[in-house]
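One structure follows; several queries about it will come next.
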Amino acid sequence: MAGNSFGQIFKVTTFGESHGAALGCIIDGCPAGLRLSVDDLRRDLARRRPGGGGVSTSRKEDDEPEILSGVFEGRALGTPLTIVIHNTAQRSQDYDKLKNVYRPGHADMVWDIKYGFRDYRGGGRSSARETAARVAAGAVARKFLAENEVSIRAWSQSIAGITAPSPNDDEFSLDEAEANEFRIPGRSAAGKIASKIEEIRSAGDSAGGVVECHVNGLPAGLGEPVFDKLDALLSHAVMSIGAVKAIEFGAGFSVSGMRGSECNDRALPLAGSRKTKYLSNNSGGILGGISNGDSLVFRAAFKPVPSIARKQITIDNTGKEIEIEITGRHDVCVCPRAVPVVEAMTALVLADLMLRARADRNVTF
Amino acid sequence: MAGNSFGQIFKVTTFGESHGAALGCIIDGCPAGLRLSVDDLRRDLARRRPGGGGVSTSRKEDDEPEILSGVFEGRALGTPLTIVIHNTAQRSQDYDKLKNVYRPGHADMVWDIKYGFRDYRGGGRSSARETAARVAAGAVARKFLAENEVSIRAWSQSIAGITAPSPNDDEFSLDEAEANEFRIPGRSAAGKIASKIEEIRSAGDSAGGVVECHVNGLPAGLGEPVFDKLDALLSHAVMSIGAVKAIEFGAGFSVSGMRGSECNDRALPLAGSRKTKYLSNNSGGILGGISNGDSLVFRAAFKPVPSIARKQITIDNTGKEIEIEITGRHDVCVCPRAVPVVEAMTALVLADLMLRARADRNVTF
Amino acid sequence: MAGNSFGQIFKVTTFGESHGAALGCIIDGCPAGLRLSVDDLRRDLARRRPGGGGVSTSRKEDDEPEILSGVFEGRALGTPLTIVIHNTAQRSQDYDKLKNVYRPGHADMVWDIKYGFRDYRGGGRSSARETAARVAAGAVARKFLAENEVSIRAWSQSIAGITAPSPNDDEFSLDEAEANEFRIPGRSAAGKIASKIEEIRSAGDSAGGVVECHVNGLPAGLGEPVFDKLDALLSHAVMSIGAVKAIEFGAGFSVSGMRGSECNDRALPLAGSRKTKYLSNNSGGILGGISNGDSLVFRAAFKPVPSIARKQITIDNTGKEIEIEITGRHDVCVCPRAVPVVEAMTALVLADLMLRARADRNVTF
Amino acid sequence: MAGNSFGQIFKVTTFGESHGAALGCIIDGCPAGLRLSVDDLRRDLARRRPGGGGVSTSRKEDDEPEILSGVFEGRALGTPLTIVIHNTAQRSQDYDKLKNVYRPGHADMVWDIKYGFRDYRGGGRSSARETAARVAAGAVARKFLAENEVSIRAWSQSIAGITAPSPNDDEFSLDEAEANEFRIPGRSAAGKIASKIEEIRSAGDSAGGVVECHVNGLPAGLGEPVFDKLDALLSHAVMSIGAVKAIEFGAGFSVSGMRGSECNDRALPLAGSRKTKYLSNNSGGILGGISNGDSLVFRAAFKPVPSIARKQITIDNTGKEIEIEITGRHDVCVCPRAVPVVEAMTALVLADLMLRARADRNVTF
């Protein structure tokens, strides 16, 4: 029983293999009347595309989206909204030699076990290229969120072990994050990473990293106990991105060493404003799985890109040992391009939870 | 739109408030023919119950489960299986003074915002008592998994900053973990934690910790790309447990500092056995969101219990500052009792994914 | 993959076997704040209970509902609302002789095929007793609908071939329908049916009938194209009641002989009122699967009760022919008691669609 | 909360407006390995297309399907299968004059109420053209069913009040049904209908009819009590087709006048064969909502096409009375083209229920 849909009311289904005719998505449940055009989709798709810089693959992906249904005279009809991105740079023959080989760190083998066979070209549906459809769907969700004054911003918080400045540091700058090829919010960290990445690339290797995401403007009251809590759904969404191996909210893993008196965030008295403020944000903006009105904060760890130039030993589909060298240009670290994907998945969760809250009518926005 | 159900085929809905008449669950989709009795539910419910030791609350909870439907002559009928646990120790009056107060670190305020009002007695549905229903449902899932030779074992990996021996250490013992009140798999660590917890309790404070979970015997091929991946669903499930703030699989957050050549697990040639073995398990047994046949490994971080004896400053439901002292006996650290809850949520995910794989028929077990 | 849940936002799961410990339901998604008590459930449960009259079984069913969760201080919490009805009149031994026999017109055989075994006592979960849980859930939905000025009324439109007066007839009276044991809205028809039923009962036989249902006050705009249309969901809901073999809306089957000029209902100009009125209601209040603001009208045909006193020839679970006589008192015609069940299923559909419309926010009510 | 998906395991989402860029569907859950090509889709799409005969519209619809994802080297991958049909004959300007008018018998008004605005060109998403996507999806389901020896055949059982021969009549012929433009399974009835239809067309009017559907080869045990019964799901599916106003199974509405002794189908002793046979089929092959191994039989009534050439009085979107004449060529009776749509919806239900039964593993096929 397949699992290519996400969301209950703002429900997204993605489709497409890396080297098939196209990939894309259907959104069933986009609110009628939402102003939307292809332009709204282009910005994040461009941010996800290989930048040509040091960290990214050089595969040419135009990723020009087409809206096949669901929009009329610039507004969402309330009918299924279909977005298609045609695959233009299909060089299937490159992959013939990998047809029977199970690349280390990839899903090749488990895919064969699960489905009996697979589209081996570029990883087929297990390719990171699938995230383009997520970003397109996420762009629609972000449009809806923006109308409700919710904004989502992510960046590379560390790459190859080198950590970016935190939002409290003077050097921290989201403009800088968008300006450099690593999406690192600080110029000097970006410089250090550039050297490190070049060193790793020369060694035929790859690097991991961490993406941090903040959401501002979120109303309190989002999240559905006891299973569809805000943090539970975000974990589901973010962990479903290929290379993610960990996620933490607010103080995250460090809560395990804290005392209760230290970890509990103190609410400040309401003065004029109806919105509660807190002295600290160890909770990451979530209490009991429900947004508390503070900034939503989480981090996700990405493993190093498994396709590396170095020789590796693995097995083929007969179970025999084989030495392989993966050619072609691959990203050294996935984080910079993962930033818009993390934002997109976050947007899908939040748009869905806002519509779920609307049905219940107690939270108004 | 509420979210009290989990699973697609093995679908669990829990119900009940901490001080209401009862709590429990319905499982719609328990395979017909599964041998089941109330005895199968008792063991894990007892493990979740307060032990009377240093770390746990002394509230008396009998937690005797009753099966109202779905079992006939010792076997599951394939009809909805309903389990009820009556609340016997309801001391609602204790909670009257907290009626209008928002306890720090609790969901009191967001619950009022979300639903307009709430059952303030012992946290109502946001109480950790709700996990008893999860444990009962999980016990049914574990019975099904046991018949398919899948076993799940969790333990406290750290408490109050003191770390347990790892499975590779000589001292590591799961029997020991079940024998001590901290579910720590090593005697000396258990001793150190005992002193530390006593110190924290005396200070009117509480402690966080980490629970680690391993699954053995899992067939390769479980997990449904691209959204219902094994790690995505486990993250959803585990993060929905009250105090969890972080989850990581295999090497977890440390992958962010690794190189690809180091992180990729090397598959060993198949020899005789049809089951792939690996030189390392940084993946935690999951590739591309699908089980790879190795042990499934993850860790979850729990925040300190927010109910502490120390005075705290917070606000009431009019937004005014107020000083509170939370009386009654509360757990100092939730980890020991959270171990069976983590196991239960893991069981729910795995039972559901095994049944989903059956529908597709490519994975056989 | 089981199917014991109905609805998307107002989501009901029923449980229970005819002669098990209890039956009942969970409603996940009852709007927080709805005023509700056990009293609200009693009226329809009493209407479903055997009346002791000519048409109904004499099994004693107290059907006293208990609310286990989801209600606090007289209002729905927004948490799962659990209703349990304990089975008090379990005479299992009566059924031992039917253990291996497949009663004609019953689900005994297909249940054995589907699940491998079954609770043979009184039909187990395939018993009409299961509808008590539907009626309890429906009563909650009706409370919500009543607050939104939607009312549902059904009656026996024909029994044993004798037709009741239509709503346009002078004799038509819903008070009369509730007053007589057949729920026939006209005294003289009720009299004729009484004689006919007595004749059929004496002959050891049973009778079919038709239930008609009208809904008033429904806002226009309910129903979700293209699959979850109002009529599609009502058909799903009503056809899931045991003995129903047909359903029709508005002019129903007779549309097949109509001309378009005759079948199209003419909308009248809006004058003052914002609600469209029509010259006729062949549509049954539904256009394109969406409510049009007129009365919702449908009819469902019920087959004769399959348990008859007469000797019948059938097979047993070895496939051998066998003659059986079904003893015990059974309803002659199911319609009178089916009336509240039809109303309940209608209420479940409408409550759910109203909440679905709320999420979209274009339909206001 | 939209409703454009159908099915639980074989899950179909359709998209597209009548005069948008394209329409189509995604199937999430098509079993991996199913042999499939565009050719498999063409036959039923051709049967749904306007035939150019007396009953059908003359709008040119090429309806050439394209598979965008989910198939590799002639087999389904187990990934989402996307089918797109581009709209080639868009003459939007024809519809400008209907922009503000609510056509009688159409969903124009309720659509405006529900969504706030609508794509008025050719009915937008409420157009019968939407069924092309259903037929494409149904063709995939039929391929899967054919591999499991299940076959579905429907035909026009009556048109404009003229009834076709029944399967027991000598004249009954499914080949004949496919040969004539009415899909009537008997030549002489086809002749009479031809004259009648011509008369109705000349009068600027339209006609209703009934489609009958039989399924052979269905294993016993399909259908999921208590809500997702076989007949409940079929009713949901078939009633979601635009013009359907009624559905009945087996003896259908006539059961309301039957006695139990007459209505109960007598099972015959098993002799050699493991498949139960019956003396009659009043049940339509369904007992307790589960297939009993006999032929599945149902009928659906279609209302006359609401777009008629005659002048009609209706209202516009300001609520004012207006006289309209609907130009363009429209079908006189929808039944012939509805036959493949009924088959497709039946196929979707059955494929899904077979996969649901597989998950439970008691029914084998």
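Think of it as A, B, C and D in the order they're written, each chain with its own count starting at 1.
Note that contacts are C-beta pairs under 8 Å (C-beta built on N, C-alpha and C of every residue); 3 or more make two chains touch, one makes a residue touch a chain.
All values reported here derive from a predicted model rather than from experimental measurement.
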Chain at maximum distance from subunit B, centres defined as averaged CA atoms: D
Chain pair showing more contacts of the two, C-D and B-C: C-D
For subunit B paired with subunit D, centre-to-centre distance based on mean C-alpha positions, whole Å: 47
Subunit C and subunit D, separation of their C-alpha mean positions in angstrom: 26
Geometric centre distance via CA averages, subunit C-subunit B, whole Å: 40
Contacts with 2+ other chains: residues of subunit D: 1-5, 8-9, 14, 32-33, 78-79, 114-116, 125, 225, 355-356, 359-360, 362
Overall pattern in which the protein chains touch one another (line/ring/star/complete/other): complete
Subunit B-touching residues of subunit C, taken from the complex the two chains share: 1-5, 8-9, 11, 13-17, 20-24, 26, 28-29, 32-33, 66-70, 72, 75, 77-82, 84, 114-119, 124-125, 355, 359
Touching residues (chain side subunit C, partner subunit D) in the complex: 1-6, 8-9, 14, 102, 104-107, 109-111, 113-116, 125-126, 130, 158, 160-161, 200, 203-210, 220-221, 223-229, 231-240, 242, 244-271, 276, 282-284, 287-292, 301-308, 310, 312-315, 319-321, 355-357, 359-360, 362-363
Residues of subunit D that touch subunit B when the two form their complex: 1, 8-9, 31-33, 78-79, 225, 355-356, 358-362
